[in-house]
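Input: structures, listed below.
Shared chain: chain A. Partners: chain B in the first complex, chain C in the second.
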Partner chain A sequence: MSRRKRGAAPGSERFADAPLDGSLLEVTDVKTQFKTPRGLVHAVDGVSFSLERGKTIGIVGESGCGKSVLSRSIMGLLPRNAVRHGSVTFEGREIGKSTGNSMRQYWGTQMAMVFQDPMTSLNPVMRIGNQIMESLRFHFDVTKDYAEETALALLNSVGIPEAERRLREYPHQLSGGMRQRVMIAIALACGPKLLFADEPTTALDVTVQAQILDLLQEQQRERFMAMVLVTHDLGVVAGRTDDIAVMYAGRVVERAPTRSLFEQTRHPYTEALLKSIPKLGQPSHSKLDAIAGRPPDLVKPPRGCKFAARCPYAQPKCITDEPELVDAETPGHAFRCFFPVGSQAGAEALARNLSAGETATGLPVRKEGEAVLTGVTV
Partner chain B sequence: MLESADTELTAGSVSAAAAVEEPPDEVFEKRGMGVLAWIGIGWLSLVVLIAILAPVLPLKAPMVGDYLHPKAGLFSPGHLLGSDDSGRDVLSRVVWGARASLLIAVGSIAFGTLIGGFLGLVAGFKGGLTDTVLGAFFNIFLAFPQLVLALTLVAVLAPVKPSGGASSGEWGHRILVVILAVGIVSVPLLGRITRASAISWSQREFVMAARAQGATSRRVMLREVLPNVVPAMASIALLGVAIVLVLEGALAVFGVSIQEPNPSWGNMIYSQLSNLNSAPAVWIVPSVLIFLSVLALNYLGDVVRARFDVRESAL
Partner chain C sequence: MAGTGTAHLRPPGETILRVEDLVVEFPAGRSGLKVHAVSNISLDVKEGETLGLVGESGCGKSTTGKAIMQLPPPKSGQVLFEGHDMAKLSGEEQRRTRTAMKMIFQDPISSLNPRRKVEDIIAEGLRIWKVGTPQEQQKKIDDMMLAVGLDPVLQRGRRPHQFSGGQCQRISIARAVITEPKLIICDEPVSALDVSVQAQILNLLEEMKTRYGLTLIFIAHDLAVVKNVSDRVVVMYLGKICEVGSPDVIYQQPSHPYTRVLLDAIPIPDPSIRPEARAKVIGEIPSPVAPPSGCRFRTRCPKAQSKCADEEPKIKEIHSGQFVACHFPLAPGETLPTRNGSGPLAS
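And then the complex of A and B:
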């Protein structure tokens, strides 16, 4: 017991002096590379954003764009072959260089993570109750009874019926949605100030997705917790986040307050993501707008704009020069494009490509019909 | 505008997710192990029980010869399972020999599982340099033929004394030496199995999740990885006990197992090599015991593995 007391509740004392206003998390020019036999993989390439207490930022992009690696880079949960650069400050403290042992005081009590697949992120041979109590008893000097009461309250608060019985069950006795609720309960157990939700609904049945997202949102509001919501589905983040960062090939290509991003989309990639979502109003059997091609090889990223090869707006300039992140009219809205959607330059670029039948990178574009990204109204 | 976009988009996410199916009901039903497994358990329990109860069972003295009835056949009056060339009762020797054979088999595998399991768990969980060093250690040990290595270790640890091993102190010492020698031989085998299992479990997402909750490496290794590795270890350990039962026989052939006149299943066969034709009962009885016990252990090892696999697939 005395041994546990010494290490007890590092959070409460150590972080008591932290300022209550200002941003909770500052991410500046974070770069994460993986050493592989093929070469250095530039998984995250210069990402910056800040997050205030109680706010939510959505990180959106397709698979392999560095979303998950970014959230793990911030938390310091990277495999051995990863190299991390840049600065991450949490409550004003620099944690960008810390790993392993020094990060452990933040994990669980300051920041926690809900993982993508609840089928694999629970220990199959440990009872649900023990898995929740584990970190409580580990971080705080509490008795077993108290931990069990807390676990019960947590299970109730994440909407698990018959919580008392579930405490004594094993993960395989629960459905996917229930398991994700348990994962959320585990992540919330030690009252983190920052919650990473790494594609929390991707592995779940669609009927459960909305419930889990509502639960996350509700818990976040109740606990005044900041949240980083990582997803490939713009539908998931719409209406649930304060800001959205759209990532492509390890970079933020557009960053804006949620409303501004949907109403004044600037980057062609964001536009393409929005178009690829099926709408309820569409007649059945209508073809979905897919984005042609795949994200670039992150070992040897292309020189110019990373999205040029798949972009219907692409011009010769996009192949040679990489656009900087520039501010839009709305405060807080920035994008990385020479020919942004909704601008004169963008409209002209698209018109030029449409009349030529292909973009500067050789991507075929047609006015109407089957081709990718058609019917773009500017 | 945003509201309408919101509903549209939420509906849109319908296409994105892979549906997670509820596990079928059969998963929750308790599956029987089958009659054969229970027969195996019954047989092994019987062998262990008679070995433990040997001193109180109404048996003849195992090391005292009945010179009036040497080389008695099976079911002879007074010698139910026959007698050897000195007239020693085979039933009694088999029961007392079970003590030595089982002690050696279980003891050496327990030693190998403890040491090998620990080293394998650390190697698989830590990875990197630790894994390289321990893996090299396992591989170097595996490069030696196991029988030769065991023989060498026994010979080095306890040279056979010409006086023989009649005293009980000598018997206990010899058993310890054989356990240690065979145990050392089994360390790399059990270590590698555990390491392989630990590697695959250490890469599971729940291990990362435990780390993200602030658990120390030691805690993650012992609480998250080890319980998942145990079924694989148990399955291999059962097979290991079976292998050592046979290996003890091989050591006896080279005269480095339990020393005459003390019985073990192995040296009962070996000591009667010259009477293979004239007194078959003497070597048939311990051979059958070894055979049945090995069969039972192998089968139980398979049952453990099969049940473990079923649980994995139901995840």
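And then the complex of A and C:
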């Protein structure tokens, strides 16, 4: 679809020679730290992955595991106190060091982001239409009428009824779901090749969540766009992504094709996340397998495996040594654990902990491998 | 749906709380129009039971919870708590009765006063009602902090910003339970939390319920969460009741189309279940200022007929213990149109 009316914009010409084969995004050993009064926060600690055109990767983990910081690091949307290391290549170009002005040519036209809270991400004193047209008019040399036409078409394509009227409305006149649709329209306005969706449905109802996820998937397929879907809910990414990376304490602890991750879960953290979701199939009042405790303090991360303190499989080795990311049998599946789920070593480790009643880190465990919630969780 | 009626209520002697024909309306600006937040809702709760109230934002589930507490008093309808009509009690009597009813709110951080210490937040109920000596109060606070998984020695002097969302929700639970109430209304207590923390809080609520013999009204928009904690589920839509029944029955055999839609909207952590093959969510919840005539769900219901616009369905028992307000309830095994367009009905 051609949006340019009076010749191509200077911004887009720069990408005319971009190679069409190879991966769209290559992230290698990205580390992001924040300087704070308490010390350096290691928010993202050596993450690597690649993403091909038209594919979706899900990034999953609890609050504070670095998943949002990772996507902002790739986009170059970090505050001043952040320090970035490692390499990010987009269509073969290194953008890992770029910030602000030099990233502007990428924002909107090459990559865009849909944020979690649509109310605080939209400008409350600017009409919906103008917010959509803003990036169109910035990147492309188009007339106002043409931009307005495009904005109208975009609102229709994201499923907003009475789009013509909505163009002149303000964000507060829209429901939460409609606002998120507007956010998506803004992100799609300049036809990005890569879309980051950072917890796009966390603030929404289940029914609206289903609609928004369907919309994202539909737009992604139609536009052959790559997508990074960040969420804390494994239910959201199942059936909607090609690959999933599970993050914990700033690191990828397991990375796999979606089916493989669910069917051959290797990392105890992934297993624990899956178990903590209430299942419709369970009878009511089933006790949920919560993950005891909280993620570690990223100012002083523990020495060995970062998950050891909450892991029912933990052994003395996990406290002293940190496991490397190793490949599983399935191609593309890798995990970071000495005693993986579903392996001989893992089964033995769990059996040892069960008979001792606690893990090497002192976490009490009982039958079924479920970590017991003790009185104090600090 | 959008049904009215009291067919699903149990004999008054068996219940601790009985709500009949509750109506809550708010003025909509200066236009003279009204927001019909809750329209003729009836429900009841047995002692020791957990009643789950489920529905989308704007369906009136939180308003129902607040109206039970008389915050603000409903426009009409009766709230009978242990046989006392809440609206007829004098201010002082109402204040005393309310000590037996507590609320836990959705946003754990904004529902705690940021300038107060955790122990003072938890102790407030005890201090207002002058329960025991200061030493006894302190002991109770420490015990309660331990019970909800907080360390009294280390954490009693801290303020809310020093805690995570999950821990703040633990403080809210401690504050609600410390005056030994009979009924706790939990208004979306886990919606703002991560799945892992959500599981901790749900387990804690179950534990507290058993330990202190509590009765709960659990309000949430996620049917999977509600199903996990409830003994009886009420599905609400736009100020009306759609379906009432035990959670396992409602899950296995939903008879209201809206219940089916809600169930199919829940993300399932299983990649072999394709989202496209599940029931489609049509449109958005209409404005409660001018709700649709007849059945209020008809504008989004794939099964709607002209009868649904003319006549409001009454709540009726469809199977033993399962009540539905629908002219055309789903037969067992009946499916709705899916998101990729296939299905028995055109949408």
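Of note:
Note that in this section the second predicted complex is superposed on the first by the 357 of 378 C-alpha atoms of A that agree within 3 Å, B and C clash if a C-alpha of one lies under 4 Å from a C-alpha of the other, contacts with A are read in each partner's own complex, and residues count from 1 in each chain.
Everything below uses one rule, namely that contacts are C-beta pairs under 8 Å (C-beta built on N, C-alpha and C of every residue); 3 or more make two chains touch, one makes a residue touch a chain.
Note that the coordinates shown come from a computational prediction; the quantities given were computed from them, not determined experimentally.
In the overlay built on the shared chain, the residue A:262 is in contact with chain B and with chain C. By the touch criterion defined above, A:135 reaches chain B but does not reach chain C. By the touch criterion stated above, A:173 is placed in contact with chain B alone, chain C being left untouched.
Once chain A of one complex is fitted onto chain A of the other, the partner contacts of A:62 are limited to chain C, with no touch recorded for chain B. By the document's definition of touching, of the two partners only chain C reaches A:286; chain B does not. Of the two partner chains placed by superposition, only chain B is touched by A:120; chain C is not. Contacts of A:210 after superposition on the shared chain: both chain B and chain C are touched.
Within the superposed three-chain model, A:190 lies in touch with chain B and out of touch with chain C [touch as defined at top].
Within the superposed three-chain model, A:234 lies in touch with chain B and with chain C [touch as defined at top]. Residues 175-177, 205-206, 209-210, 232-236, 238-239, 258-259, 262-263, 277-280, 288 of chain A lie at the contact with chain B in one complex and at the contact with chain C in the other.
Residues 75, 77, 80, 104-109, 112-113, 115-117, 119-126, 134-135, 138-139, 171-173, 175-177, 183, 186-187, 189-190, 201-206, 209-210, 232-236, 238-239, 258-259, 262-263, 277-281, 288 of chain A touch chain B in their complex. Those residues of chain C that touch chain A in the shared complex are 56-57, 146-147, 149-151, 154-155, 164-166, 194-200, 202-204, 206, 221-225, 227-231, 246-248, 251, 261-276, 278, 281, 284-285, 339. For chain A in complex with chain C, the touching residues are 62-63, 175-178, 205-211, 213-214, 217, 232-236, 238-240, 258-259, 262-263, 272-274, 276-280, 282-292, 294, 373-378.
Those residues of chain B whose C-beta lies close enough to touch chain A in the complex are 1-3, 5-20, 22-23, 27-28, 127-128, 204-206, 208-216, 219, 223-224, 227-228, 311-312, 314-315.
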